[in-house]
Amino acid sequence: MEALKNAWYVAAWPEEIDEGNLVGRTILNEPILLYRKTDGTPVAIGNRCPHRFAPLHLGRHLGDTVRCGYHGLEFGEDGRCARNPHGNGTTPSHASVPTYPLVEKHSMLWIWMGSEPADESLIADEFAFVADPQRAHVKGSLNVKGNYMLLVDNLMDLSHGLYLHAGTLSNEQMQESFLPKAHVEDGVVYCNREQPGIAPPALWVPSLPSGTETVDYFSNLSWHQPSNVIHPVGCRIVGKPEGVDGGVGSRSAHMFTPETDTTTHYFYSNSRDYGVDDPEADKRIRGVLERVFGTEDAPMIEAQQQMIGDVDLNSLRPAVIPSDRPMVLVRRQLAKLIAAEKARTAEQQPATGRRDRDEVTPDAVPVG
Amino acid sequence: MEALKNAWYVAAWPEEIDEGNLVGRTILNEPILLYRKTDGTPVAIGNRCPHRFAPLHLGRHLGDTVRCGYHGLEFGEDGRCARNPHGNGTTPSHASVPTYPLVEKHSMLWIWMGSEPADESLIADEFAFVADPQRAHVKGSLNVKGNYMLLVDNLMDLSHGLYLHAGTLSNEQMQESFLPKAHVEDGVVYCNREQPGIAPPALWVPSLPSGTETVDYFSNLSWHQPSNVIHPVGCRIVGKPEGVDGGVGSRSAHMFTPETDTTTHYFYSNSRDYGVDDPEADKRIRGVLERVFGTEDAPMIEAQQQMIGDVDLNSLRPAVIPSDRPMVLVRRQLAKLIAAEKARTAEQQPATGRRDRDEVTPDAVPVG
Amino acid sequence: MEALKNAWYVAAWPEEIDEGNLVGRTILNEPILLYRKTDGTPVAIGNRCPHRFAPLHLGRHLGDTVRCGYHGLEFGEDGRCARNPHGNGTTPSHASVPTYPLVEKHSMLWIWMGSEPADESLIADEFAFVADPQRAHVKGSLNVKGNYMLLVDNLMDLSHGLYLHAGTLSNEQMQESFLPKAHVEDGVVYCNREQPGIAPPALWVPSLPSGTETVDYFSNLSWHQPSNVIHPVGCRIVGKPEGVDGGVGSRSAHMFTPETDTTTHYFYSNSRDYGVDDPEADKRIRGVLERVFGTEDAPMIEAQQQMIGDVDLNSLRPAVIPSDRPMVLVRRQLAKLIAAEKARTAEQQPATGRRDRDEVTPDAVPVG
């Protein structure tokens, strides 16, 4: 898979990992087990028992460790076998699973998939709003049968709104003056769209002061490596700053975590600073998001993936048009990061960020 | 896939392509879009948008052009991008889809899959009866999970009738005197079967004058390249020509269009010159066809394909018996045509029959 | 597939092959047809008709022969075409299917998959109890989506009982004194477990004299090549021999027949010498077996196979622990037998055990 390894990906929403449950999830083609220790610390280790390769998530949560459901070997957050109930009771030093740095930040669980030291400062502060208690949040997730970059493309080029989401998110007038501006700054790709003095899109009308006939519409995207996007969007009262005098907007976060080469875990959170305690608004927004992502974006992306097949999109030489600029910039940024990572890997052995298990051949263990 | 490219295949029944609908269909492993222009002209172009590879049939029919449902690029029958709503409004010359000659003839839509100039005279006149208004027609189609040649084999060797269709199409007496004669003439493979003075098969009894005890049975096949078969079959009153004095018969056309290496679009039409305005006869015949093709032939062919797997049938060295003669003749004719096509392709560049899109690398478009 | 070819595998329970039915079954990746002749003799021949490769089990049982359901060629136990209804009525000598030695022994149908002469003495006498009329038998079968060796592993290492079958087959006290002893004798791998003076497992309590507080528990496994295991298990009254003074036990046979590289036909029979005429006991035991094998073992093995993927388990370098000893011994024994078979194959042509069909090219048959 063409993906950055030494990077933070969202592994789960924190509430998916209850005390007591075990979640098996494939990330970047690797089988991961997610669970919480008794003190609430979230843990990510390899999900494949090193003994006979049973998935650990079919086992039992013992508090700080996990017991394999097949032969009972136990593993903790250090990946080492914490208990082997068989034989002389000693712990086989060679039986371990990989460990993965996992941190809970901005109300998300982030996993580090590379072997270089994990650097928590690489989780962009811009995602802090996802955890802002002053805002209302509608969260969800979706497994999409398409490569994660097709999902990033989808979001970074909102010119598809008028076609794929006609009537929901966009309208003809918006399209006429659609002219987003993309640029790169400190490795972040920005795509800003300002449409002053247009009729408000249908989605926003109910939340605007009644009788609002024109607004300054904005829709600003920023891509943060490896594959996460922030999207403030809304309507300002003409000539006023955001959120003042009845303007209305949302800020959403979209995290695309590669599962396999052609499937993606898509986590999304939509937040707002208006109607914060309005469960009806939650419900309405959830309905829109599930419809837009689940019945409009996902089927199109999955059909795209079918058409592309197993090859790389660029090998098919797509016709590039000006509106592709933001997604081309993203793909270039990411390609640079991946190339640099490959160069580092080639010149030195992996450091200590993630520990692979000791290697031992079956013959090293006396069975005769 | 081992298939003739420069040939006419049936792409659809004309009535499948209404004004206004878009049909995506894979033919010879290529994604095809079928639609009609405002004036009713049927069009076949590539179904894969050259921009981000979304299938065009998920888009919108605009009259003479089709709008991609993802980002709104529009394409017409010349395959060129007719409108790009993004950027400066110019049409990117490099963004096009392949075009395919498509003609409506004999009440069928025929597509030309090769790059040599399409030659309409290659559509055999013998299929004209499919459009004959003096006859009644029962048409249908079926997607079969088997290579198209297994379907051609099935039809060209009707010795299977007694075994696979016992009770429906054949009987023991017919089998005893079963001795079809096969020959090739002008590239057409004929397999003629005459069984004079036998008891009429059960299927035909209701349509014969009551009390008819013996008939001259006939069942004549002709294969026309690349993969289409005509089959007049019926009972003549003993000693009389076809259709005279109460004789009864049907004439059917079977068009096998490769979808992928192991799946086939099967189009069939059964026509008759008796009971032409009898909807009960239509219903009864449709029932027989759906039972025979759908529940007897198709499952056997699909089981055969499973047993053969992904390899070529001949690589398994089938035991050849005399009744295989017509299908061996067909396979030889087709192999000759394919070999000749390959020789032509090797010695020169493709001509103008079908236009592939211009090639452009993403880097040729300024995005920086 | 890594499997012994010159060996007996269980192909079916005798009662699966009624007079009159045709069973198609894949064994070691080969398509097999099983049926019975009029005199009851069971027959195994190739299931792929040599003519057009239709599966013969879709055909018709004619008594001693089988008629292909497609074109009516008939085949008997010698694999030769017994009747060709087409052409001049002669039987094509080159049209035959492979034959496989098949014997009914110990109430099982055993098939020999290799080309060396079949040696019936290789069917271990130890399986005779499966046919013992003095015992009650509960039989079943299951198709498991895992390599057959994963199933053998499962059974040879019952240390999984406490974890995968907690509450059903095992308890904590049993685990504490769990110390099976494995050894090889005459090519058979034994793994014996004796646990004197423990509380009887819940499964056995209803069948023991009421008030029995401690028993001498035993659970002895023996693996017989290629992939079959015998398992006597039960409780002896403390200090007494098996089956005396109210002791209770069962003896089961587990036959693992490779279907494909990653799927297995699992046949099992559980027999007992107590409550022999008790249909309630049959029902209770059947329920336990279906639960244990079907809802505990099979899902774990299938999850294991998913984790392992298409590679060989040993290529993933499993961490080996002392309790693996019996399954390591089995894998070593089998590896030796397979290596010896390969060496024999390399040094000489196959002998006469199984006859492949004569080879003929299509061109050898006149069709012009």
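The chains carry the letters A, B and C, assigned in the order they are written, with residues numbered from 1 in each.
Note that contacts are C-beta pairs under 8 Å (C-beta built on N, C-alpha and C of every residue); 3 or more make two chains touch, one makes a residue touch a chain.
Owing to the predicted nature of the structure, the values given are computational and were not obtained by experimental measurement.
Copies chain A and chain C of the same chain sequence form an interface built mainly from non-equivalent positions, shared numbers / all numbers used being under half.
Annotation, chain B versus chain C: rotation angle of 120 degrees from the Cα superposition, expressed as a multiple of 5. As a whole-number value, the distance joining the C-alpha centres of chain A and chain C reads 47 Å.
For chain B, no residue reaches two or more other chains under the stated contact definition. Residue ranges of chain A in contact with chain C, taken from their complex: 31, 47-48, 50-55, 58-60, 67-73, 81, 84-88, 92, 94-96, 357, 359-362, 364-365, 367. The touching residues of chain A, when paired with chain B in their complex, are 153, 157, 159-160, 162-164, 175, 178, 299-300, 303-304, 306-308, 313-314, 316-325, 328-329.
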